[in-house]
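Some structures to go through are shown next.
Below, chain A partners chain B and then partners chain C, in two separate complexes.
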Partner chain A sequence: MSEKVIVIGGGHNGLTAAATLARHGRSVVLLEKRSGLGGLAAPFEIADGYRVPGLLHDTDRFRPAVARALELHQHGLQWRETPRTELGLSAKGRGVLLSSNREAMAQELQQHSPSDVQPYHRLMTFLDSIRHIVEDLFDSPPPAPAKRELGEAIKMLKKGWAFRRLGAETMIEVLRIAPMCIADWLNEHFESAHLKALLASPALLGTWMGPWSAGSTTTWLLDELTRGRAVAGGPAALVDSLRRCAEAAGVEIRTGCPVRHLQLENGRVRGVELESGETIETASVLATTDAQTTFLELIRPADLGVEFAERIANVRSRGLVAKVHLALSGPLENTTRPGSFERMRTGEHVDDLERAFDAVKYRQISERPILDVWVPSLEDSSLAPKGHHVVSILAQFAPYDLEGGWTDAARVTLGDRVVDTLAEYAPGLKKRIVARQVLSPADLEGELGLTGGHLYHGEHALDQLAFLRPVFDCAHYRTPIEGLIVGGSSCHPGGGLTGVPGWLAAKAL
Partner chain B sequence: MSRHSPFHERTAALCTSYRWKEWAGYHAVCSYDTSVEREYFAFRHAAGLLDASPLIKYDVRGPDAAAYLSRLSVRRIDKLAVGRVVYCCWVDDRGHVIDDGTIARLDEDAYRVTTGEPELWWLEQNRRGYDVSVEETTHRYGVLALQGPSSGAILSAVTGTDLTGLRYFGLTSARLADRDVLVSRTGYTGDLGYEVWVEAEHALPVWDTLMTEGRAYGIVPAGLDALDVTRIEAGYLLLGIDYKSAPRCLIDAQKSSPYEIGLGWMVQLDREPFIGQAALRAEKERGSEWALVGLDVSWTALEALYERHGLPPSLATHAWRTAAPLYDGKRQIGQATSGTWSPTLKRNLALATVRRGYDRVGTRIEIETTVEYRRHTIPATVVDRPFFDPERRRS
Partner chain C sequence: MAHYDAIIIGGGHNGLVSAAVLAKAGRKVLVLERRHVLGGAAVTEEIYPGFKYSVCSYVVSLLRPEIIRELQLPRFGLEILPLDCSFLPLPDGRSLARWGDAERTRAEVSKFSARDAERASQFGHAMVRMGQLVRPILKMVPPSPGSMNPSQLLDLLQLGRRFQGLGPEGLALATKMMTMSAADFLDEWFESEALKAPMSVSGIIGTFQGVRSPGTAYVLLHHYMGEIDGAYRSWGFAKGGTGAISNAIADSARHFGAEIRTEAPIGRVRIEGGKATGVILENGDEIAANVVVSGVDPHRTFLGLVGEEHLDPDLVKRIRRFKMRGSSGKVNLALDRAPSFTCRPGDGPHIRGDIAIAPSIDYLERAYDQAKYGEFSTRPYLNVVIPSLTDPSVAPPGKHVMSCFVQYAPYRIKEGPEHWPEKREAFGDTVVDTLEEYIPDIRDIILHRQVLSPWDLEQEFGLTEGNIFHGELSLEQLFFLRPTADWSRYRTPVRHLWMCGSGTHPGGGIMGAPGWLAAREMLRAGGV
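The block that comes next holds the complex of A and B.
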């Protein structure tokens, strides 16, 4: 059948889904609300003459399997060959320079904390031994334990068998650590407090967890084990190649086209109605908006089962990451180490992370937020006027449901705390700030239509992953509504610039 | 601890029997006298005045109220005119009944919903996406059910308005004892009757005026026992007795669809989506497993049974609600869930749930009964409901 499919959302998952469908001969119309493509991966203007290439920082989670399937290299995609480095900022010492290159990392540890070198190698060996299991889970639809089908049973057995083949020791270790908190687990391995804090940080992105929260080891493994090479040119370049691929396959892309409602008849998709009032008839829709937007906003409540709607409403989606963008009249210097660093991170102790997380439990902004700092203008000087720079900061934690609400004053408080924290390592910073932009989770919700301002379209947690993501009866991309497929970050394998949800959803259709 | 209704001062003083029960968290009178007779006959021959304040009430307001209630209910609410009331039931996704009650349209954007059990959770859960507010207002109003052939005359006299023009299931505002009240032509006795809604702080003068002015018409304060007899004569269901609320059931077998409890007539399938629509449509096509019927239990057989034990026939003086199994020969085909001796019809009546195929009027089955601790069965016949339906109920 070559009947028309409507893809809602022009984020990277929507583009991936649209391209996949079109390459399989479907005629596809992609509808994006905003004027540009890329969603969370789209460039963002800070002030006149200053831009960041995307709200997100890392492109190293984009899956090679997706790139291969879409032949993205023919559409301009290039992997970045240089290793990823990140400087752990320290007020006193030289900090720690994390590197995705193991040799470099071992050398760094030799300087920083020699007793951690061997444990580091051991940890890497362990991760290598289980990587294929996680990658396989990641690149294929989630298991369906409730399904009574032979094919499904065989798939589960295969996965189980692969897991079993790890050997008893490794298998038991995986089962042991999965529900653990990342702080405990890292304590089993390492001595350096600063190293542990830096390693633990990624476990907390997109979760409602501190380093002492149970289950944070799973979110850590998920993040760590699915990282590979970054995309040269960052998120903007990736989105560009996805767009080209989609266009080459014949996808009709319409930006500035917000969808108002799905039109249903007897539980079946019949078309979509745009904000403009225009309606497009179709029997198939693939939505990459987050689950709550898709089911609770784009579908009229009357068209949805009560129990199902309730479960969707219960998906936890409490954003706690804020973005702060700075435009600087000069480089961002730091006192930790001489030189310019594209990526830097604060937090010298897991207690710093936990303390920062504590605040959101009481609906407060962290006194000293943990900062993930990116200076994209070091790679791409066109982002700012000559000699000037832009700084993109992911700040944790700032709760979506801040006590008193996200007033202008609250935004100023957040911006001040972020700048104050960074200035501890960069004394000249404040004088160089030309412009400052603060995006709270509430702003992310307003700007990008993200429920709860949550960057992963729903928290990553043991009960919200795999066949439980977003809820069990649409975890396999099909939904209780005939003709509606979901394929955004709300679906397995979840948030992040991976391309997988969109790809698997398109294949499910 | 149970609460006092706004009429408690008056009802407590009159309740010489001390027979009370709990109703939705309130003290409620079972019968003022030790016997139910006088109150029952007031309902049927003059007018009974029942304190129905514990009736659970929710006020639903907002521009989307009509659409919201239509989505929630098995029948359309958006067509309900201001000043009208409907009887209705609500089902879950799978078409199982949650509760039944009335919806009154008070105003353009304001409705009052009454339910048998507390259902705020349900109303709240389904509010998402609709511009409506839902507020429980049970405690804010005193409600008096004035039921019986003289009820219209009494109310017309005390309000100084001719209420005989108020249609069945109509609603109007009026003045009573110098207070603003709402009068609806609704009730649970299957007779001519009204319900008077008054703000709690004005409750007592309304009661006093009705009692004083009503004396000439034979008004009698009546309790829940008399009501129970009349509601069975009228063939009305009681939640928790004749069917169970789906979310409160422990197993699926305890749940019922509207078709299975005799409320299929109110289901309007072909319209905008509503909760349970697909399940109800499927059941309608498939046919239901169960049906609710009225039974006439053979008096002569009962008499003969007692005779065999050397006893005169004996019946409880009020309605019963301990379920009794029904049989076709040895096969159990359902259960009678409540019943009563009807003093007006002089028949032994029951409401029952039977398997498909046993619901046609005239079908003869057997009902279990015990005499002297011994189990017997006696014949019963499926008959039309309501058992008692006087012209004046609707006219």
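The block that comes next holds the complex of A and C.
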């Protein structure tokens, strides 16, 4: 059987889905709107001769299960063996050097705040005890608690049983902390304010929350417990291996090929109409665009139920992360610690994070944004001319719905605030800036077609995860439209470079 | 030496309910109250001659109908006067009154948004459905998910089935309700700020959260579940002030044989061989009892009355992290005449209900942001009632009492909570300044002002950190986690010591459910 499947979107999930389908013998055509593949994981040019290897920074959440299933190592994927480190920048003092290596981390804490060493070990032990539960949830389709089917009931009981086997104490602890805010939970463990701020930060990416927002412990756990080794070469290398894998499996990849809309007949997919006017007939489409784009733009309103359309419209995807890229004529030096660091982060107190978040509630840019700084040219010198460097910054927070709109002046304000904040720790920075690029959430929407400019295709929140992501009636990849499958970050288990939504959607097909 | 079956610590409404239930079952019960009046935070006091303030708690809706029935409260003087209106004055001269009558409300709402007016009834239906889901939970002793006890497992299974029975759509709504912020939740339904802002505040009352904080949509439901005589969503005043509720329960308890003493502060729970055997009063008197039941909050119960030396250090840690974080204060005013609002001048039914100073979501959120960093809000959310318009018995003829619930007033101001006394009057001024924007001559008609900061609520009423609910109503502190996972079924690690206050399931408000459930569980388990 070689029925044709159209995959819409050539981001990492689209590539994963296409490769998975093709390896299962399907004939697959992948359509990407932009001229290059990769979406948020694609290289991005800052200025002539300078580029960053992807808009998202982290590849350490790409799931080994997906890499194994696609045999990506045969297509060039290599894991980085060195532990991930990140320097918490401090205006005075040595800051904190986070490390994914526990011994290194314990030694660092011994220096930084000795009373936090034991709590750190206790926390790691706790995380280890629940890791397999989260990984299992992450790597398989979400449960369907409202479905009255024997098979589903058995699956639920199995998951429930695994959960119970954690023991009453651990199980209840998970239930207790899940709805908590990350600030409160970290306060229960640690003393160092700087350590808490650094640990709390990742909980916020892809959400619309500050560290004092309830539920941020869940998003923190999802992030932390799904991290492993990073991909050597970063997002661009990941995309390369996915592309090679897809091509090897026979996927026909067409870039620069935007879809106008899906053609439906009696609630069934019949074909895809391209912007060029060309029509491709097919009975199966796997869309990895975000839920709002897929249902509200690619499908005509008349083809969609009113209530369903309203549910999709209600999916919250308020982008509040901006990208700022810098091209530097030399290295990015910092005053916190001697040496060059590939990853650095600002925010010395949880309240710094919260204050930065406060601004977006009133549709303002944070006065002092929280910066997740990456200098990819330290790993890959080809990204900039010799001796020069590129800096990729995820800046939080800048609201999509900025008061007054995203004018050029607003972009300058955002860029200035980001540079000023970073310059507090890197006095020589400003002199070395050769080029500066500011991408507001509105720019990200325009450039990549992300609704609301949201990097995760919809906020991570307790009511927008698992069997409720993106909405309950298409959380299991199938949709009310026969022949249409969804498989982007809008689906379980959500955003970030994991490959899982595309993989699970392809398997569902 | 006197010997009782049960001693109840604290004559708040929950302690009194427990006492009445136990006495009705034939037990010999003694209630000991520290203050000179009964009721705890549900009291009426004449602080200024002729004016009877409902000093703390001021409206009632959640009081369980089975309690009213079983304890025969109307017979002991309980009379609830329903509030028919929720009034929102706006600074721009507009206003919105929401009435008990749906048609009248629709007409008012349609001035702001025709779409919202249409959706209001749909929203009401959804809330009633969710209320029905949650209501049985208010009546049950929380089963522990870690328990292997068959009856608890059965309870859990039934609970699971109830949620499953909602179907996918209902389950999605329930999850949203449990986890979303009040503002986001209402955004899915409505567009007009004038409707969303006053609705969202139910989600934050008594919590240290803002209307944009996830999890506050649930508390919104908590406030929707109120019922008087079976009617959903109705709020009311007790005739004679909130203290009249406590007095009715106390009279019922006495009728069934309970003994009640005021001005009897307790020093400690007497513990012998790991068991509670009675109480030791502050004056050194000892009173023996088979069981001791604490109606005070978990902090005070465990860390104060029991003492850390009798407890496992792990439990002490858990109790310490149980979040109190009082966030509200109270300003009671004696007025020379009824106030007149610029936006809807003169007397009228619109000021006979509750009046919300909550002009927009951003206003409310800004008020919260200040509190997060340790300041009271310079423009707070106010919930104002003028009970004397409905119940003239609480003020001299022609005069009025005005009760203002004020949020946010964080217990932990940045100078430290002990500095609240220096800030108290400035805080009171803020409230009057805020009122003045809507009632320009308010200063001229104030005869007396009583200001209660969270510090005062702690000092005067024994509410730790001034938390009016004996602990925040956040998800991680509810149901089988209230006040802590191992001790959520009214029992404590100290044998023969039980809890019956708002710090236990299902939480705060003049609901009476904790006291009711605790007493029945004691009787069922043969504890007393």
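Just so it is clear, the second predicted complex is superposed on the first by the 508 of 509 C-alpha atoms of A that agree within 3 Å, B and C clash if a C-alpha of one lies under 4 Å from a C-alpha of the other, contacts with A are read in each partner's own complex, and residues count from 1 in each chain.
Heads up, the rule we're going with is that contacts are C-beta pairs under 8 Å (C-beta built on N, C-alpha and C of every residue); 3 or more make two chains touch, one makes a residue touch a chain.
What you are looking at is a predicted structure, and each value in this text was computed from that prediction instead of being measured.
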(message) Tell me the contact category for A:Pro202 with respect to chain B and chain C: first, second, both or neither.
(response) neither
(request) May I ask you to decide whether A:Lys361 touches chain B, chain C, both, or neither, giving the answer as first, second, both or neither? (result) second
(message) Quick check for you: in the superposed arrangement, does A:Asp473 touch first (chain B), second (chain C), both or neither?
(response) second
(request) Could you tell me if A:Leu462 is touching chain B, chain C, both of them or neither one (first, second, both, neither)? (result) second
(request) Tell me which of chain B and chain C touches more residues of chain A. (result) C
(request) Would you sort A:Asp184 into first (chain B), second (chain C), both or neither based on which partner it touches? (result) second
(request) Considering only touches as defined above, state whether A:Pro376 meets chain B (first), chain C (second), both or neither. (result) neither
(message) Quick one: is A:Gly305 in contact with chain B, with chain C, with both, or with neither? Answer first, second, both or neither.
(response) first
(message) I'd like to know which partner A:Pro211 touches here: chain B for first, chain C for second, both or neither.
(response) neither
(request) Note which residues of chain B are touching chain A in the complex, please. (result) 67, 71, 92-93, 125-126, 128-130, 272-275, 278
(message) With touch defined as at the start, can you tell me which chain A residues reach chain B in the complex?
(response) 264, 266-267, 296-297, 300-303, 305-310, 313
(message) So in the complex, the part of chain A that touches chain C is made up of which residues?
(response) 144-148, 167-169, 171-172, 175-180, 184, 188, 209, 212-215, 314, 316, 351, 354, 358, 361-362, 461-463, 468, 471-473
(request) Using the touch definition up top, name the residues of chain C that touch chain A in the complex. (result) 144-147, 163-164, 166-172, 175-176, 178-180, 184, 188, 209, 212-215, 321, 323, 362, 365-366, 369, 372-373, 474-476, 480-481, 485
